[in-house]
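First chain A sits with chain B, and in the next complex the same chain sits with chain C.
The block that comes next holds the complex of A and B.
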């Protein structure tokens, strides 16, 4: 089998469509994971055990089961309960929930790293709980954890091919479909690898920059 | 005879098996400058932390300006205070910490204006003006835009004092505020506190190992040991002529360690 540049040119527009969806899914999934992670981290700290315990259990459950299974659940089983989601939305929710349980741990560590004296100073300043979180704790906790969060977002990016299992037309799915149409696999699959590699490398450079910019605690 | 501003009635507090405060009672008069001295672990810092509501008490009662701190009346009964009551009571009290605890992500000025703007709804311009007056008083007005990390320990502590004053508390708590400072920076902080004592009628409670300062500053000195007040009196009596054996041996050790009296 020989590498066919004409075939590459022919399938490129389709693959680029896939790249767009892959990047879109990653970005939306990352935003959702960032929010879900924060919510889980805060709820797990609730003094009310009826809140903190179930949240801890659910987070552990999601982290302990494969993303692929969860995607099937969201896309193929929820419709049985009347919840019918478009593929991309289902995929983003799956990615966001799954990675949210990981980013929750990042938030937890970041919040724990804020010295106890900051909580006490906030109390001595008579700030209420919401003001303490918004103005004192989170602004100090979040910058040092940005590199760790970005790391998970890169990992999430490389897992987006799983979305092809629920018919999202992301890069892997587009490549599969052209490959199945023309019975040529070498070009589409190689290009999938190249696209992921290039974007990953670019992300790693960005990550290094974030680490330099935010990675140092207490400055 | 005026009413005490703080009335502490047989409070106890344990950390695990360790009893820090053991049925302690004391009173503070309005405007009084009180120095709490004693060996570490004797409970003097815990008193301040309890007054700031950073620690809960296991038993007993505390009144501030005639109102219960940890309890509130519901009809005839006294019930544990809710967050709203604690917030109201905290307005009366300010605290300066050993390790300053400035907000490191905010500039000096924002450290001072934050709480008045958030908790009292003071407009920004007014909060600024007041903050600059306070920073001027502690000699830090020229550093208003500096970040805490750029300041020396003594400067940080002076900003922390301004921050606490910005909420105009009736009672100020100073928890070993010079213990974390290099020796040459201690005096600048003590000077600010002297001025504060002279120029305001604020009630001030001071936990300190600076015996010389306690001697000059305080109206009354309380010597703590093992969660109880062993001896109390005017500074000259406590420092020159301690009656209790434990007070004597503590002061002897402190002097041997190089502290001035």
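The block that comes next holds the complex of A and C.
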């Protein structure tokens, strides 16, 4: 089987259409994961064991099971309970929840790294819990976490092809439908790989920059 | 009511395939991790470049794309693989690339004085690696290897998309035959979680066993 550049030119617009959806899903998923992770990290620190224990178990459970099965769960089972989600939304929720449990660990480490003295100073200044978190702890905890968070967002980007299994028309699904229409697999599948490699390599450059800017390596 | 007894055997077959994939994939990943990880530390530029290219390629593209490539594109190039072979190949090479960085990091984190001691004892490069560096470094790699094995277990769910009858695939079969989605998908979620717990338990006990007598390695 020969590589056919004309065919590549012909399918490029369709694949770029898919790239857009892939990037959209990654961005929305990242935002959701950033928020979900913070919520999980804060709930796990709750002094009330009835809150912290179940949250810890649920997070552990989500991290221990495959994303694909969770996507099936959201897309095929929630309708049984009357919640019908469009595929892209179901996919974004799946990605956000799954990676939220990973980012929760990043937040936890970041928060634990804020020195004790900061908490004591906040108490001495008579700040309440909300003020302490908003003005003292989080502003110090978040910048060093940024590279680690970005790392997970890149990982999430590489998981987006799973969304094709719940009928989201992202890059992988577009490539599959092109391949099935023309019975040519070599160009679409290879191009999908190239797209992922190129975008990942760019993201890695961005990540290195974030590490230099925020990571304070070797401080 | 649906009679579930007939489907239990189907699910158990799925569990066996998933375990088989995880074990074979992990074995390949372990070999690749050491080959590529030590390759990156080689004296020879060509070996270093080859190892780096392998690692960056497999970490930079999605495992999903790699699997489809192995299953749909390789046959066109004359390499015919069964779904199981394609699955083990994609999983092992992908996770092996992540493991390679773990190997490199662990070997580099062994203190300089250990290498100097090897020189002082007149050990060859191979001897010092085999008897001094790796036994210490392996202990540092273990926890991350455990995480990687769980990642691999979760990644096995995507082989259901190339028609390999693993746990996720069997759940889809049960779903198609009974029309019930909740029961099969909940069952496999619990199944994957139990397998993940088993792996983390196994790695923890291996770690305890191997760390006997080498106290103080982990600072």
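FYI, the second predicted complex is superposed on the first by the 216 of 219 C-alpha atoms of A that agree within 3 Å, B and C clash if a C-alpha of one lies under 4 Å from a C-alpha of the other, contacts with A are read in each partner's own complex, and residues count from 1 in each chain.
We adopt the following convention: contacts are C-beta pairs under 8 Å (C-beta built on N, C-alpha and C of every residue); 3 or more make two chains touch, one makes a residue touch a chain.
Bear in mind that the values here come from a model prediction, so they are computed numbers and not experimental data.
Asks: Superpose on chain A as described above, then tell me if chain B and chain C fit or clash.
Replies: With chain A aligned, chain B clears chain C, so fit.
Asks: Examine A:200 and indicate which partner it touches, taking first as chain B and second as chain C; both and neither are also allowed.
Replies: second
Asks: First (chain B), second (chain C), both or neither: which does A:182 touch?
Replies: neither
Asks: Which of the two, chain B or chain C, is in touch with more residues of chain A?
Replies: C
Asks: A:7 contacts which: chain B (first), chain C (second), both, neither?
Replies: Touch status of A:7: no partner.
Asks: In the overlaid three-chain picture, which partner chain does A:127 touch, first (chain B) or second (chain C), both, or neither?
Replies: first
Asks: Which partner does A:214 contact after superposing on A: first (chain B), second (chain C), both, neither?
Replies: A:214: touches no partner chain.
Asks: Between chain B and chain C, once the two complexes are placed on the common chain, what is the minimum CA to CA distance in Å?
Replies: 26
Asks: Please identify the positions on chain A that touch both chain B and chain C, taking each partner from its own complex.
Replies: On chain A, the chain B and chain C contacts do not overlap at all.
Asks: Could you please specify the touching residues of chain A with respect to chain B in the complex?
Replies: Where chain A meets chain B, its residues are 115, 117-118, 120-121, 123-129, 131, 135-136, 139-140, 218-219.
Asks: Considering the complex alone, what residue numbers of chain B touch chain A?
Replies: Those residues of chain B that touch chain A are 52-54, 83, 87, 90-91, 93-95, 97, 99, 101-105, 114-115, 118-119, 149, 163-164, 167.
Asks: Considering only the defined contacts, which chain A positions touch chain C in the complex?
Replies: Checking each residue of chain A against chain C gives 1, 61, 64-70, 72-73, 76-77, 80, 158-162, 165, 172, 176, 179, 185-186, 189-190, 192-193, 196-197, 200-201, 204.
Asks: Touching residues of chain C toward chain A in the complex: what are they?
Replies: Touch residues, chain C against chain A: 56-57, 59-66, 68-69, 72-73, 76-77, 150, 153-158, 160-161, 168, 171-172, 175, 181-182, 185, 188-189, 192-193, 196-197.
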